[in-house]
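Shown below is the structure under consideration.
As written, the chain order gives the labels A, B, C and D, with residue 1 at the start of each chain.
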Amino acid sequence: MSRNFKSDNVSPVCDAIMSAINAANNGSAPSYGGDDLTRQLETVASEIFGTEVAIFPVTTGTAANALALSQLVQPYDAVYCHETAHIVTDECGAPEFFTGGAKTMGLPAADGKITPRQVASAIAHAEDMGVHHVKPGALSLSQATEWGTVYQPDEVSALAAVAKQHGLPVHMDGARFANALVHLGCTPAEATWKSGVDVLSLGATKNGALCAEAVVFFDPARARDFERRRKQTGHLWSKLRFVSAQLLAYLADGLWLENARHANAMASLLAQGLRGVEGATLLQPVDANEVFVALPEAVVAALESQGFGFYRWPLSSVTSGVAIRLVTSYSTPRDHVEEFLEAARRKYCGEKSL
Amino acid sequence: MSRNFKSDNVSPVCDAIMSAINAANNGSAPSYGGDDLTRQLETVASEIFGTEVAIFPVTTGTAANALALSQLVQPYDAVYCHETAHIVTDECGAPEFFTGGAKTMGLPAADGKITPRQVASAIAHAEDMGVHHVKPGALSLSQATEWGTVYQPDEVSALAAVAKQHGLPVHMDGARFANALVHLGCTPAEATWKSGVDVLSLGATKNGALCAEAVVFFDPARARDFERRRKQTGHLWSKLRFVSAQLLAYLADGLWLENARHANAMASLLAQGLRGVEGATLLQPVDANEVFVALPEAVVAALESQGFGFYRWPLSSVTSGVAIRLVTSYSTPRDHVEEFLEAARRKYCGEKSL
Amino acid sequence: MSRNFKSDNVSPVCDAIMSAINAANNGSAPSYGGDDLTRQLETVASEIFGTEVAIFPVTTGTAANALALSQLVQPYDAVYCHETAHIVTDECGAPEFFTGGAKTMGLPAADGKITPRQVASAIAHAEDMGVHHVKPGALSLSQATEWGTVYQPDEVSALAAVAKQHGLPVHMDGARFANALVHLGCTPAEATWKSGVDVLSLGATKNGALCAEAVVFFDPARARDFERRRKQTGHLWSKLRFVSAQLLAYLADGLWLENARHANAMASLLAQGLRGVEGATLLQPVDANEVFVALPEAVVAALESQGFGFYRWPLSSVTSGVAIRLVTSYSTPRDHVEEFLEAARRKYCGEKSL
Amino acid sequence: MSRNFKSDNVSPVCDAIMSAINAANNGSAPSYGGDDLTRQLETVASEIFGTEVAIFPVTTGTAANALALSQLVQPYDAVYCHETAHIVTDECGAPEFFTGGAKTMGLPAADGKITPRQVASAIAHAEDMGVHHVKPGALSLSQATEWGTVYQPDEVSALAAVAKQHGLPVHMDGARFANALVHLGCTPAEATWKSGVDVLSLGATKNGALCAEAVVFFDPARARDFERRRKQTGHLWSKLRFVSAQLLAYLADGLWLENARHANAMASLLAQGLRGVEGATLLQPVDANEVFVALPEAVVAALESQGFGFYRWPLSSVTSGVAIRLVTSYSTPRDHVEEFLEAARRKYCGEKSL
């Protein structure tokens, strides 16, 4: 499938990570995380985040998020987040399942970034309702957001402050954390625990890994018995070294940032190019590796028929044309971006009638 | 770690499967199982089992078992199985968690193989108890068993007949299915659906894969919405092609049988050699790739100090010496077996005093 | 607590039901529903609904709703309902807990009555999202609604038609079903199964019982094993006859309708009176026994200080004055209504400044 | 149903409790436990137990047990108890459901009383197994036991000591707590928290109430958010005063002890009489209100045909005759006991052939 902007998860595995997997295949090794690579990962992760962390490799983002939340909340709790958060709309009820019933409470925000005021108001409402309502349990922020935007550290801090004021821990869904990080230009510590984040779902799969995500606790004490949860949900691998190897390759020597930088650059290029396309309207700031743009129906249809891969993204706020989502990845060739832009710039029959 | 008989999951990935993983890394591909390899796997699995199956790749045996059971039973149901079944003792409550509360009801049997009479009696008891008791929900058989023994097809049929008579579906935990199969010398069909098995957890990880298990439904209609369960539990991979590739390599060209044959042969060799060791008592028939043997404490201690890896396996039925478990795999070198036997045959100080 | 319009559940038990409880206390009786009264209830309920029903007495509305839904949906399913439905906002996550993770999907509607178009659109969205999203599982309608309005049978039919078209069963939360029924003037059958309702949570506690609700299945086959769910959730009483006695007294001789008629009449009286109060705005049609009205802050404060019991009901749509909710019950004395209206009609200091 | 020894839950409601229910029906009252009676209950319970307790009325023993356990353990935990504990065999999987997957680990003990050694050994095994096994989570003791025997306070203390040593809280299933208490002749405090019990399921329904059980926390801090669990599982009544009224009547003025004393006395009378019956073998000490006795089949059949109500209780340890269970209650008339004994003493045709 060529010129594919459907998602960053359609990308292959990057060379360095594939090499690391192959290298890890050197004879027998203790299973279930007793191996050297897994131990090494703890050290590396603690260095990178500038504090002692507890890190648990898993292999899907849904598992990382749902496991993290199950550690933070009770079955009768509420998790505040954006209304289009992955945990709300894309995990088939995994958070509810893993937590035994907790509710994700989606808050609206045009750019994907919820505000301290919204969170405070939702918590206040729950407290008014008392025992009849789910109890405020946790705050979950997507970084980068589902709309390709990125919270600034001070925005995260302000949100976390509201959460902490009410005793709520803060989870960050970092399926695209590296993309956010290179946009921010700050340290991993500043983007997380220094801004009040307690637990991070750190994604690598969308950014070049085969199957590597991790749940990172910035206070290891909070991870008590987490290994049991991972086991009980079937997410403890016997040959765990092969996930740890991916994460080590990802985090070591800046591969994660390098990959993310390319992905973001390709998205910027797309955005820049689309600004010059007649009838195109960029719908969100392009902070990371996703571009939301409205284009005339004729153009969209033409691009589809030419084999460009992307999703139509129906939005009630878009009254003219069709909204689509374009996602770039570490492996998106600049050529594909240019071909896409060139194709978008052409005149298509019927375009006027949109 | 050398001369390791701790488990078949300490083994590395076999070359053919590693090659398949590398080969699958060829550009972008549809995610979440929309890829060609996953589609191909359905065809291959149906051919191998001689009937149209629905097959769902996952990456741990615990996930395969717990997901399979969650499809078969209700939260208020009982799952009948052996008291040392993996689902009872080694999955940290995964079956209970995935099913929302169903109980595994472990039945005793010295050789790991439960009998139709036991199952009938347990079901009758439950029916007597009525609404207060969990309801008979499913039968789960481990093949090979946790004791390294193997059910004959007619034994499976007789057990399945009791289950079916009461409307219970039959699950087979085939973490070591290939080892059982080569012992039986029958077809995959005869070992499963032709003997009344409805759903199989088909393991590959212990037999040479990196991370590949599958839930196989012999009646695809029974798999209705199973894909949602897999997603909700975080077990749907975005880059699923890399699991499917492993299973294709595993099942194609008889690799799974070849690997299992070697593992079984090494276990036979161990068993045969141990029969000649003074003070050794084989505790179970060695049908597959596990050997349970009682040895004098001095011998066991000496083997441990020489760096042989294995588990002590405390058994109340063993009154003289120490029971240990030895597991062989596709990658166990004949040398290691011979070194082990040679070491076991030596005389050790204190041996008499056991 | 006098002149209490907080909720219909602050009311005492009506005489006929208390008598029935006392009468049921006549010597020993089979436990767990093996008694005569429980058997009798099945017959009476089938007569009243004009079809053979399976009826399961429980003792809270939350239990009735959550149990009913757990019978209808899977853990990975969505339940479509109004955004302020009791199952969404007032049951502390019970539906999620009982179903093992299903999501309530609240749809907005100013008058509490969702529309076929909304449901169709939500289902279409879910189908577009595929395996990543919860699957359309059931439709749940509150009758009367949380806003004191009542669906007409043809409105229920139209909603049920959409649900059925997609294979979804229809649940009705009838915590105030009797209040709806007397408003509609139709038969219980017309209000339920003849309009496409599959399962009804039939409330009695708010309408004069001590602790009596029931889950009513209009197709008894759909109730398969429901008794296990009731037991597993701790909702099977040993002395069940005392709940069945309440329901028999409630349904027999029209007590339920008589009680509801009085409650509705008192609400109408309130509404009628409030229409004549300066500065008062009725916010919803008063179909059943709830009145939502906006009054000047000074009036509301004065009523509170005079000991009238009611809840402030913050509504973003109310820009002038304060919204409050008044609930009447079978036991609300006409005097209390008149006293309330008289008090509301008085002039209070500061009223102008609202 | 006359001369009914099937269970103590077939008994009617005792007069004092029925009066209390009627008396509680005096006008409107705050719902959901905001009423005076519920508040009063907290005070009374704290007095009776000689320490400040948090007490939560519910209406079934299954709910009390399962809710208590869900507060104590995690989904990946084990609950150690006797193999015939109510939570293992009679609650249709409620503990598993409420806890989200925790396993009840039944330990054998002929007289229903598990030992510290057994518990220590089970915990040691779990610790050996590590992450693969459920984690030791709680100890649950039935008092009186399912075999009608009663733990002495020092036996409870010794068991609790083992639990505490491993950080496990201690639950007591006191469905027949009053029967145990009058047997022991100690204070409620000595029987519970002074012996190391953390949470008590206090039963009243079997001992004269209509529907009244309570979860009692001896350290109120341990009850944090328990009210949410009660709500989420549908066990928070709107008209809670009617349960609180029962518990107040039960605990005040010694009614609970008086009722239990009668029940126990009737069981003693049965036991004493049965000792003189030819062919009868008492199978357990009769500490509380249950009698397990083996009688010749001809006698059992004759008693059944004469309309005496009781359960056959198949026991593999009984090789001659048939084991039956007889339960007495606060309302068992001395006449019924004497009629039973008289009937048992008669000679029946076929008796020899047993």
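As a working rule, contacts are C-beta pairs under 8 Å (C-beta built on N, C-alpha and C of every residue); 3 or more make two chains touch, one makes a residue touch a chain.
Quick caveat: nothing in here was measured; it's all calculated off a predicted structure.
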Most widely separated chain from subunit A, with each centre as the mean of CA atoms: D
Contact-richer chain pair (by C-beta pairs counted) among C-D and A-D: C-D
Approximate Å spacing (C-alpha centroids) for the pair subunit C, subunit D: 35
Whole-Å separation of chain centres (CA-atom averages), subunit A against subunit C: 41
Computed distance of Cα centres, subunit D from subunit A, in Å: 51
Overlap residues in subunit C, where contacts from two or more other chains coincide: 75-76, 91-94, 97, 100-101, 131-132, 135, 228, 231-232, 236
Complex interface listing, subunit A residues touching subunit C: 75-77, 89-94, 96-97, 100-103, 129, 131-135
In the complex, subunit B residues that touch subunit C: 32, 74-76, 100-101, 131-132, 135, 225, 227-229, 231-232, 236
Residues of subunit C touching subunit D in the complex: 1-2, 4, 6-7, 9-13, 18, 21-22, 25-31, 58-64, 66-67, 91-94, 97-98, 205-206, 210-211, 228, 231-239, 242, 331
